[in-house]
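Below is one structure, written out as structure tokens; the observations come after it.
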Amino acid sequence: MMNRILITGAAGQLGSVLREKLKGHAKVLRLSDMADLGPAGEGEEIVPCDISDGDAVMDLVEGCDGIVHLGGISVEKSFDLIESANLRGVHNLYEAARAHGRPRIVFASSNHTIGYHDQTTRLDHTSPYRPDGYYGVSKIFGEAVASLYWDKFGQESALVRIGSCTPKPLNWRMLATWLSEDDFVSLIDTVFRAPRLGCTMIWGASNNDAGWWDNSHADFLGWKPKDNSADYLDEIARTVPRPGPEEPVAKYQGGVFTDEPIHKS
Amino acid sequence: MMNRILITGAAGQLGSVLREKLKGHAKVLRLSDMADLGPAGEGEEIVPCDISDGDAVMDLVEGCDGIVHLGGISVEKSFDLIESANLRGVHNLYEAARAHGRPRIVFASSNHTIGYHDQTTRLDHTSPYRPDGYYGVSKIFGEAVASLYWDKFGQESALVRIGSCTPKPLNWRMLATWLSEDDFVSLIDTVFRAPRLGCTMIWGASNNDAGWWDNSHADFLGWKPKDNSADYLDEIARTVPRPGPEEPVAKYQGGVFTDEPIHKS
Amino acid sequence: MMNRILITGAAGQLGSVLREKLKGHAKVLRLSDMADLGPAGEGEEIVPCDISDGDAVMDLVEGCDGIVHLGGISVEKSFDLIESANLRGVHNLYEAARAHGRPRIVFASSNHTIGYHDQTTRLDHTSPYRPDGYYGVSKIFGEAVASLYWDKFGQESALVRIGSCTPKPLNWRMLATWLSEDDFVSLIDTVFRAPRLGCTMIWGASNNDAGWWDNSHADFLGWKPKDNSADYLDEIARTVPRPGPEEPVAKYQGGVFTDEPIHKS
Amino acid sequence: MMNRILITGAAGQLGSVLREKLKGHAKVLRLSDMADLGPAGEGEEIVPCDISDGDAVMDLVEGCDGIVHLGGISVEKSFDLIESANLRGVHNLYEAARAHGRPRIVFASSNHTIGYHDQTTRLDHTSPYRPDGYYGVSKIFGEAVASLYWDKFGQESALVRIGSCTPKPLNWRMLATWLSEDDFVSLIDTVFRAPRLGCTMIWGASNNDAGWWDNSHADFLGWKPKDNSADYLDEIARTVPRPGPEEPVAKYQGGVFTDEPIHKS
Amino acid sequence: MMNRILITGAAGQLGSVLREKLKGHAKVLRLSDMADLGPAGEGEEIVPCDISDGDAVMDLVEGCDGIVHLGGISVEKSFDLIESANLRGVHNLYEAARAHGRPRIVFASSNHTIGYHDQTTRLDHTSPYRPDGYYGVSKIFGEAVASLYWDKFGQESALVRIGSCTPKPLNWRMLATWLSEDDFVSLIDTVFRAPRLGCTMIWGASNNDAGWWDNSHADFLGWKPKDNSADYLDEIARTVPRPGPEEPVAKYQGGVFTDEPIHKS
Amino acid sequence: MMNRILITGAAGQLGSVLREKLKGHAKVLRLSDMADLGPAGEGEEIVPCDISDGDAVMDLVEGCDGIVHLGGISVEKSFDLIESANLRGVHNLYEAARAHGRPRIVFASSNHTIGYHDQTTRLDHTSPYRPDGYYGVSKIFGEAVASLYWDKFGQESALVRIGSCTPKPLNWRMLATWLSEDDFVSLIDTVFRAPRLGCTMIWGASNNDAGWWDNSHADFLGWKPKDNSADYLDEIARTVPRPGPEEPVAKYQGGVFTDEPIHKS
């Protein structure tokens, strides 16, 4: 069993899920965010932290033997906001990990690194980046930093390009992108348990009938997602209007992010 | 629910199956063939049509929001017969679809487009054509027409390279090529339901243990065939003499079609 | 030295060039067309022929030990015209070759088999077809027939996807597509001389600095084109307005053919 | 049903398993080894044989319609020992098979042919050899001999790169390499039953959640392993210390074989 | 002829070269840097600018129909320095280009985006990033921004991964990485002249006998470098000690950059 | 300059050529063979040696900083002869090199490792082996040993799959396979001069117009063969009957070796 897992961005939607579901996966969960996390529960430590503050991150990481990095901005925003949280923030995190014994990092990357690929195109780990906004660009930056620290220092990372991690799929596009919360948890367990991780990109999607992403390069880890968006197909077909084939939500893997402008703030 | 699905070649073996199994998948099934189709059942329209007659096909397609094109010749025949039904016929169909709002087309292509590949060779959607007769050549022609109308006009098509669509597999080769009738129906449903189809080739085979064809490029559609020829392996082993490794039925993916001569009529 | 080379379509632009340039490459050049070819010169035979007439083609091919098949339609036309000349015509030619000892065939295929590929995309012999009109579709049909006769009968063919065979390149697109007349002649010589040809697709372009097509799969033949469109770059830059990046002539490999409608006659 | 299956190396660990489990898969099991095999059971023939003795092997193979070749050395040893058993022995076996009607051969190859590949790398049938010792080199030799006899004489072989064939997986590495005994038996059955085998490499691993090897090129055979090392994951996690990511057993597919010296005897 | 080319980083080593060699390639060269550029020569405009100042960059780009972006840091430095010049700076540049009619951008990327690849490995445009420092990471960021602006806005860019642009190659590694100044100039000309550019990565190396990078995907541009590092091989062999095969300068494509620490300032 | 290059098999046809042409490429050429080498010339050492004698080879290698291993059998022979010279011999050589500081080895491999590939197929360094005899199998064994010693001990090797090294090409097949003597010498120089070699396969053919083999993976070495078999095409066309397309010499890359039987002595 692990000693202490750090969850950054723990006050967010996904962070809240993991706060509950990773309970008991380590002796201590260290939870961090800029937003209020409420009181620490049993087996929890609360460490408020601005991820763009290098010294604070250095302290935050100390004593952890695993990190789930959800911190930062997770939608399209201005360059300034993304720079602070997602560029500088990732730099700070990897420097802190390097200083503190290189605990494994699960880095929450995103499908928006490849959002301009057509939904009729199957991708694997060698497919080119096609970001659909500065958010996606920042995740490419993060993957590049992870690669650098692996080659230079042996820091291991899982780069999880999360599709849509929600309790259930909510629209036609999510039939392909859905990552169930339980499957995300089992992925984190798998990553922390494996004897060898390296610096491995993993498509973060469940065992959906429909899908765009080939994870076979990462079969060495033995992660087998169990949930399937197809269980919700009839519900979606009844309740969500089917988009036309040329609408962004049906055409591009990044969906409506491809329609986002460049944000100014 | 769809309004009206057109089935061409509806009097044939496969057409008869779909006439039954697609009942209720649209408000109306429009059934067409040169051969007699009997009286129209409930929810059926009978429209006799010679597919090589452009004007007739133009009328035939009007008012349909989906087409399953089984019409034409489905075995090796003379060039003249194939020209009329499978070359001119496909031209007529795509022109009619273009004129009438571009309903999606399920085009019954064939494994005989690639029949000279060795059975020990795994194919995917990028494998080269190797037709085993003029029938196979005509299906390549049809796939090319579909590609043209997609690039030029946005016409969507599913190019289904059907293996062997029969109630059950009947010989050793069909252990790989079998497409169960139910799986074909679920494929048609999937194609008509998907938000985006594009112009996509799909290998028409069930979830057989043995197989030559990789459909992963089309996983975006979410089609999951359920049937498995392996359920019939023991029966075939008991009742069908096992061919030698150099017999056409065991050597080539197109089987005995590779032994066909050029037909003169 | 060869005994008799048949040139079909010998009255056309390219046919006229080869009539001159292949003089002396065989004891006899048999020249055929529906159009008037004038009187036979020394070492020439004139055999008028409608390629859509199977019996006539059967006679035409007899006694030849090499065929350069330029006959048929070489621009976008109606299906009826293309059917007669390019579908039926190719069928007739291959049947005649099969009946008369399988002389090698140089089949004039076209870049319009792949015309919808972007000009920024490099293609090789495994790239998918993307025809830009019925003309392109008919050349795909011809390549499929050639493949069939190779696998079934051992008929050897060179499938030459000609770019633009003109005395010199005339516009920006031809900087990539230009095939000089001399290079075409040397290709024909190479094809007829090689001990083994098989059924080989060859991109018909000169040794241009700019190009989209990779011929390395056919290096076994030893064809080395000598001419280079770059010698005409300055002249084109001075005299031809540079198209914008989204104009068909600059965007698609098939150029303005992608703008052609479906012809009705 | 087969008439007589020969098992070489039948006194070894794997041979003993197959002696039991292949009982009844042929009318007669011919069991051979240099070591004592005890008395012949029902449906068994005992034929002691030194595989390096060509004349003896010639006799051994006579009358068999299937061969499972486990004979030879299966760990790292000196060149002299490997030469005699695994180089000369394979030569003798294929010469004998050629002389006696070319019964199909299941050749026990090994993961040590590719042992220096990283465990984070997914391999398929086209991946380069990277042997981790002379044992691995000798199996490459054997695969090359099998290829030669297929191309020259039509001898069919299954080249099974066995991972770890044990009653259950015993350590972290075997989560990927485990081949259950039952799955090995079903593979042998599949190989002997298939109408066409050719000369096909098959990764010898069960249906493990974790794995490095892609067998899809061999799907034409229809082999579906049933067992899964993941059933033993908890037991291994409790009882076997997890290796660090840079230890040979976690880093290389060949595991500790990569740490072996060159043996002198 | 172009109207106005902007060169950022014009006071640097490479900028000074282009200031001279691009003279006359446009009516006006607009030269910009934070460092002193001296007085403007004929056909020159001097516009001092801090690339991290968005408003200033907005003004800088106005009126230009081509940009050669050399500005920013070109060696390994601290994150803070690289952030300001190479992350924020690139953002500013692309926003300014978007606001001012999307002049083509030649973006000086670097071999340090892939510096950890082994020198025995051949790369093409699909090879994965393996940055060797934050400098390399920042160039990956820049390539991602360029991709974003192409997909979202149609902004065209050439992403030139410059090897070593010096008057002549100076060591063994530069035999592979050398880009002569004249070849860089001809590349810029080619990029600005081409009818269609898209967003194309180009390896920035001369026509060296030794090399690691395959530019064939960009052959559509028609760039043919003329110089060859092999002309300097004897000189280097005489004057530069040959490194051992495991030294970073001989082992990694990024050379000694792989030995750089993380800089703190 | 190198100190001492060992040439094994120095009395053979190729050895005699190198004895002359490598004169002066090292201070001393150590020449070894079982056959008589005559008296030592200036800068030569004669060391008779049976390559199958491990102790003798151990002595032979001592003091050399480069090895050109031509020793062994270079045509199809019995297993016994090949075993002694080409299997045991290679083992002895690599053990000796390991004991004596790992001088680089140029290993004379052969096109007969891939001899059953069709001449219309282009190969690269990832193409599968298809040996055409025990000679070819033995060269695969040698390549595997070289790979093992690279991964385990860092021993560097060039695996040169020699086509046909003769003063000039002598038949149609050699138009593709010819390696001029000068080009072989320049390859050896390149291999010994390069800072990093690794364990690299190199196709041993000149800069022939016709060819089957892609050496681009080895471009990092900078070897540029100068000679071209096409200079002899007319001579061959005049003097050597052109083989039919199905004759082994025209069909298979290994030529008439594919027609060889298994030798018994």
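Note that the chains take the letters A, B, C, D, E and F in the order they are written out, and that residue 1 is the start of every chain.
The working rule: a residue touches a chain if its C-beta (ideal position, glycine included) is under 8 Å from a C-beta of that chain, and two chains touch if they have at least 3 such contacts.
Keep in mind it's a predicted model, so treat the numbers as computed, not measured.
Student: Which neighbours do chain C and chain E have in common?
Tutor: F
Student: Can you tell me the least number of steps between chain D and chain E, where a step is a move to a chain it touches?
Tutor: So the least number of steps between the two chains is 2.
Student: Half is the threshold here, strictly exceeded: which of A-E, E-F or D-F has more than half of its contact pairs identical to C-E by residue number?
Tutor: Of the listed pairs A-E, E-F or D-F, the one copying the C-E interface is E-F.
Student: Looking at A-E and A-D, which pair shares more C-beta contacts?
Tutor: A-E
Student: Give the rotation angle, in degrees and rounded to the nearest 5, that superposes the C-alpha atoms of chain A onto those of its identical copy chain B.
Tutor: 120
Student: Could you please state the distance in Å, as a whole number, between where the Cα atoms of chain B are centred and where those of chain C are centred?
Tutor: 32
Student: Could you state the distance in Å from the CA-based centre of chain A to that of chain C?
Tutor: Computed from C-alpha means, the inter-chain centre distance equals 53 Å.
Student: For chain E, jot down the residues that touch at least 2 other chains.
Tutor: Residues of chain E touching two or more partner chains: there are none.
Student: Would you identify the shape of the chain contact graph, picking one of line, ring, star, complete or other?
Tutor: Graph shape here is other: it fits none of the named patterns.
Student: Could you please write down every pair of chains that are in touch?
Tutor: The set of touching chain pairs is A-B, A-D, A-E, B-C, B-D, C-E, C-F, D-F, E-F.
Student: Give the list of chain F residues in touch with chain E in this complex.
Tutor: So the residues of chain F touching chain E come out as 154, 156, 193, 195-198, 200, 216-217, 219-224.
Student: Sort out for me which residues of chain D touch chain A in the complex.
Tutor: Interface residues on chain D, with respect to chain A: 118-122, 172, 175-176, 208-212, 214, 230, 233, 237, 242-247, 249-251.
Student: Which residues of chain E touch chain A once you look at their complex with the stated criterion?
Tutor: By the definition above, chain E touches chain A via 79, 83, 87-88, 91, 95, 98, 116, 126, 128-134, 136-137, 140-141, 144-145, 147-148, 151-152, 258, 262.
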